[in-house]
Amino acid sequence: MDLTPEQRAEIDALRAQRTETRRAVAPALEEILYEPIPVLDHGFIRVIDYMGDDAAIVQAARVSYGKGTKKAQSDAGLIAYLLRHRHTTPFEMCEIKYHVKLPIFVARQWIRHRTANVNEYSARYSILDREYYVPDPDQLGTQSRSNRQGRGAVLEGEEADHVLGLLRADAERCYTDYEVMLNEDSDGNKLDENRAGLARELARMNLTLNAYTQWYWKIDLHNLLHFLSLRADPHAQYEIRVYADAMVETLRHWLPITYEAFVNYRQGGLSLSAKGLAVVKRMLDGEAVTQETSAMSKREWRELMESLGREA
Amino acid sequence: MDLTPEQRAEIDALRAQRTETRRAVAPALEEILYEPIPVLDHGFIRVIDYMGDDAAIVQAARVSYGKGTKKAQSDAGLIAYLLRHRHTTPFEMCEIKYHVKLPIFVARQWIRHRTANVNEYSARYSILDREYYVPDPDQLGTQSRSNRQGRGAVLEGEEADHVLGLLRADAERCYTDYEVMLNEDSDGNKLDENRAGLARELARMNLTLNAYTQWYWKIDLHNLLHFLSLRADPHAQYEIRVYADAMVETLRHWLPITYEAFVNYRQGGLSLSAKGLAVVKRMLDGEAVTQETSAMSKREWRELMESLGREA
Amino acid sequence: MDLTPEQRAEIDALRAQRTETRRAVAPALEEILYEPIPVLDHGFIRVIDYMGDDAAIVQAARVSYGKGTKKAQSDAGLIAYLLRHRHTTPFEMCEIKYHVKLPIFVARQWIRHRTANVNEYSARYSILDREYYVPDPDQLGTQSRSNRQGRGAVLEGEEADHVLGLLRADAERCYTDYEVMLNEDSDGNKLDENRAGLARELARMNLTLNAYTQWYWKIDLHNLLHFLSLRADPHAQYEIRVYADAMVETLRHWLPITYEAFVNYRQGGLSLSAKGLAVVKRMLDGEAVTQETSAMSKREWRELMESLGREA
Amino acid sequence: MDLTPEQRAEIDALRAQRTETRRAVAPALEEILYEPIPVLDHGFIRVIDYMGDDAAIVQAARVSYGKGTKKAQSDAGLIAYLLRHRHTTPFEMCEIKYHVKLPIFVARQWIRHRTANVNEYSARYSILDREYYVPDPDQLGTQSRSNRQGRGAVLEGEEADHVLGLLRADAERCYTDYEVMLNEDSDGNKLDENRAGLARELARMNLTLNAYTQWYWKIDLHNLLHFLSLRADPHAQYEIRVYADAMVETLRHWLPITYEAFVNYRQGGLSLSAKGLAVVKRMLDGEAVTQETSAMSKREWRELMESLGREA
C-alpha cells in the first residue's frame, strides 16, 4: 500500500481535525479513524465514519429517551441476548463507513452482499492506477481435490515461479496497452499528439481482474456482522478473508461488547440440523452412533464429526 | 407532547454531553440534537444521531482520501448535478436516526417505506401509554369528491362535535378496557389481586388505531429524500405530512446545500410524460393546443394545465 | 372465513381457467391455487401465483441452459447442500404470491419483514368490512412470568368471559361509530342525507387493532424460508404462527424437496454458540459439566440443557 | 452468440414442454420463452420464467378475489394512472427471470442495481469459456470532450485497427495463460501431467474485463422499469444499453399495456426542476426568457433548452 504525499497529507489533515459533538463517540475507533490499514500487496481499508456505540444498541432496543442502561454489565447481557435470539433490528441502528482498495475479482465477490451502500471509483470517468494484485508465494494454492471451490497445497518451485511471472507480465502488458488505447497515462499526460485516444469506458475492458479498484462502502452493524460471519471464515477465499479479518479488528475498536458476543455466537458456533441434533442427543445418552445409524449422508456425518472434534 | 420529568432529565443529560470527535460534524444539527420537535397533539420527532455532512457527499462521489472539494461553491455545484442526474449512491453515504412518536395508523403508512431501519416499542413486551390522536377541528375533512383518497371541506357544527366526541370516547373506553384485560395500569400496578390478567400480546388488539406508538427510525439520505418527496407533499395525508415537514426542517439544519437542491429538484418540480412534453413544445411554438388535440385523457390534460398554471 | 357469493364466483372462475405454458409447473400447488385456506376466525391465505419448482433451484445454481439435473436424487442432494451451507441465491430464484386476510395487529408484526412486496387494501380509499378477530377461549393466555413477551396459562371462568365480552363490545362499537363518522355503511349506502361524512383516511383511526385487513404479499423462496423459520416457530405469537403454519403447508405442495430440507436444516435444528459447542464436546468426552464450569450464564445454560433434552 | 449442440438441445427440450396451468399466462412471451436473443458479439438474454400479466397488476392494486377489471380499456387507464402517480407496489407483483451472458465490465455496472436476485456462474468452481467482447469498429468511440463519462467520434484508420488488435491479443494471451496456470482447458483436460495447476479461484484473476460471464437475474416489474429507464437510455454506455433494449422488447411481449405506459411516462418524458418549471411558465406567458434571467446555471439552461427543442 503506497500513498502519494498528497494522499498522506489529506489523511493527516482529517486526522488533525477535532470538533465537539453531542453524539455517541467510540474512543478507540477515533484513534484509528481515516488511517489506512494495509491488506494484500496494495490494498487497504480505512474507517471514514461511524454512527453509534454499544450503548446505542441498547438505547434502540429500549426505544429510550436517554442512553442505554446505567450499567455496563446489563448492556453486555442485553446485547448477548439480542444476538443469541437474532433480534436484529437494534443492531441495524449502528452504521459504519469504509474506504476500501481491493482487486476487482475480490470486489466482484464482495458486491454480492446487496445490503450496503457503495460508491465505486469510476473507470468511465477516471483512469485507474497501475496497480494489480500478485499473491504471496505461500498463497499460491492448487485446486483443492475435496472442495471444488477451494485451494489445496501450495504450488512450488518452477511452476510457482512460472505462474507468478505470467500474472505479472499479463497485468503489466494489459495496463500498458490500456494507456496506449487511452493515449494517456494515469497522470493525464497525452502520449501521442496525433492520436485521439479511446474512450475510458471502453479502454477499461482491457484490464485484468487483479487490477485494484476502490470504493466507499457503508453498512449497518447487523449486515456487517452477517458479512463478517461469512467472509472472516475459513471457507471464504483468502483474498477476501484478509479484508474481513481487518474489519473484525475495527469492530473490536468500535464496539467491544458486541465484538465479544459476535465471537461467541457467530464465529465459533455450530449450526446443528434436526438430524444432527438427534445424533448428539443419542451420543450424550451413551449410544455409539455410526453414520449408518445416523440417518445422515456420509458427507454430512463427516462434517458433523469434524465439528464435534471426533473421529468420523 | 408531554414528557415526564424523567424523560426530560434523560434528554438533558444527553444534550449536556460534549465529546471531541474527528468525524464530520453538522453544527446546526448539533444544536437541536435529542430535542423533541412536537408534531400533532402528542407526537414528536427527535434527531438521535447522524453521519456525514454536505462535504461527505462530495467526498464519496470522488472516492477521495480527504474532504470534499476545497470550495463550498464547487460542492454546491456537484451536489446539484448529482441530484439532477439521479446519481444516487453519494447520497446514500449520509445517514440519520430519529426517535418518532406517532399514531399507529400513521405508522402503518410510514412503514411501507422499506428502505429504513426500524425498532418499534413492543406492545408484546410493554404497556402502551394512554395517548391517542384526536384531530384539530380544522383538520376534520370530509371525504373528497374528486379524489377517492383525499379530504374535501371541513366538517362543521354539530357533526364535527359528534365526530370528535366519538373519537375521544371510543379511544378512552378501549384503553380503559385494555388495562382491565391486562389487570395492570401503565405504571405496572395490578388492578385486582384475584385476576390473572391477559397477555400483553393479546390485550393490545383492543387499542384503536389512533393510539400512539414510538420507534427509532434510521435511513440514508437518498432514501430520506425519496420519503420526503412523497410525504412532504400536498397529496400526502395531513397526519404524515406534518412529520415529513418537521423532518425537512431537520434536513435544512443538517445539510444546507443538499436541502436547497432538494427544494429545487424534488419538491417544486414537475415530471412531464412524453405526451405532456409534446404538448409543451407545441404551445411554446405558439400552437393553441386543446385536450382534444393533445392525445391526453381529460384527467391528464387537467392535471397538466394545473401544473403549468393555465386554464384547462 | 366467509366469502360472499361474488367472491366465491370470482375464485371459481380463476380456478376453472386452464392454459398451456412452457414454464415449470408445480402440480400439487396448482391443485390448491386461488383457494382460500382458513386461518383464525375470519382470515385466510390464498396462493395467487408462483414461479419455479424444485428443479428451478438446481437450474439457477448451475446457471444452466436446460432443466436442473437429470435425476431427482441428485437434485435433492444439491438442494440439501445449498440450504446447509447457506448458499442463498439459488433459492431466491423461486417466487410465490399470496392473498392474505389478517388482523391489523398481526399485519403490523408481519410487515417488519421488509424483503417482500406488499399491496394492502387501502382504508383511505375503501371502507373496511365489519370483521374483527376474537381469540378462541383456549388461546386466551395470561401474561407469561418467565418470558416477558409470551403467554402462560389460559384464562378461565368469569375473567375469560369478561375479556371476550370486552373485545367483542369494543370492536363492535368502534366499527359502528366508524360507519357513523363516515356516514356510510360498508356497502356504500349513505346513513343520513343531511350529514357530509368524515374522510375515510380519518375515520379509519377509530377501528381497533383486531379489525381485519387484506393484502397481496409476494416473496422469494429464500426470504420465505427465513420468514417461516421465525414465524412457524413456538416462540412466535400464536396469531401469526397459524398463518406461517398454513404457508409451510403450501410450501410442501409447491416444492417437496425443499420442504424436506427446510424441516431438517431450519425448523428442527439448534444453533450452538462457541461456549455451547465447547460444553457439548466436553460432555461427549464424558465430563460432568455444570453451569458453574460451563462459562455460560444461568439462562443460557438452562436453554442449552433444554435444547439437548437434559436436566439443567 | 454460439450455442453448443448440447445447449441447443437443452433449450429445445424446454421449449417443447407444454403443461396446463391455472396461472396467468402471457401468450406472446411464451412464444420466445427460453430462446436466446443475441446481444453484442457473444452475449444474449433469455427469458427463463415470469409471473403475472397486465391484469395481475390491476388485480393486486384492487386486492381482488378475481381477475383485474372486466374491460381491457379500464385496465389500461388504471395502469397508466398507477405509473403516472408512482404507485409502485402493484408493479412489484409481477416478476421476470432472465439468463444473461455478458462481458464482466458490463456485469460490474449492471450489478449496481441491488434490487434483483442474481446467481452468477462461479469461476471459483468452474472454468470460463474462451470468449471475450471486442467492439464493432463503429462503436470504437473516443473519449468525449463535453461529457467526462461518455464517448465522442469514432476512432478511424490505423488507430482503430491498432486498438482492436490490442484488445484481441491481450484477451487471447490472458486466456491462454489462464489455462496454463490452471493446467487444464475449458473441457477439463489436463495440459501437463507433471504440474499441479493453480486453484480456479486464483487463476481467474488473470482474465481481462471483457471476458464473458453468465448469470440468472430475476427482478420484479417495478425495479425492472427503473433499470430500463436508466439503461435503455442514450446516456447509458452502449454495451449495457443493448441489453436493456433487448429487455424492453421482452417487456413488450410480456405486458403490452404496461409497455405503452412505460414509453409514455418513463422513456420519453422530462423532469423539470422548480426553476425549470418557472422558466416554462414564463415562456408560455410570452416572456423571452434568457439564461441570465432564468436563475439557472449555463449548463442547466442548455440542457433545458435542448430538452424543449429550442435554441439555447
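Which chain is which? They are A, B, C and D, in the order written, and residues in each are numbered from 1.
One rule holds for everything that comes next: contacts are C-beta pairs under 8 Å (C-beta built on N, C-alpha and C of every residue); 3 or more make two chains touch, one makes a residue touch a chain.
Computed from a predicted structure; not experimentally measured.
Peer 1: Could you check if the interface between copies chain A and chain B is built from the same residues on both sides, meaning over half shared, or from different ones?
Peer 2: Same; most numbers are used by both chain A and chain B.
Peer 1: Give the chain pair, either B-D or A-D, that is connected by more C-beta contacts.
Peer 2: A-D
Peer 1: How far is the middle of chain A from the middle of chain D, if each middle is the mean of its Cα atoms, in Å?
Peer 2: Each chain's C-alpha centroid was found; their separation is 29 Å.
Peer 1: From the C-alpha centre of chain B to that of chain D, how far is it in Å?
Peer 2: 34
Peer 1: For chain B, jot down the residues that touch at least 2 other chains.
Peer 2: 89, 112, 118, 120
Peer 1: Given the complex with chain A, which residues does chain B contribute to the contact?
Peer 2: Residue positions touching the partner: 3, 6-7, 9-11, 13-15, 17-25, 30, 33-34, 48-52, 56, 59-61, 63-67, 89-90, 92-93, 95, 97, 99, 117-121, 214-216, 218, 220.
Peer 1: What does chain D use to touch chain B in their complex?
Peer 2: 77, 80, 84, 86, 89, 112, 230, 263-265, 267-277, 280-281, 283-284, 297, 300, 307-310
Peer 1: Where on chain D does chain A make contact in their complex?
Peer 2: On the chain D side, the touching residues are 103-105, 107-108, 111-112, 114-115, 118, 120, 122, 124-125, 133, 135, 139-144, 148-153, 155, 159, 162-163, 166-167, 170-171, 173-174, 177, 180-182, 195-202, 204-210, 237.
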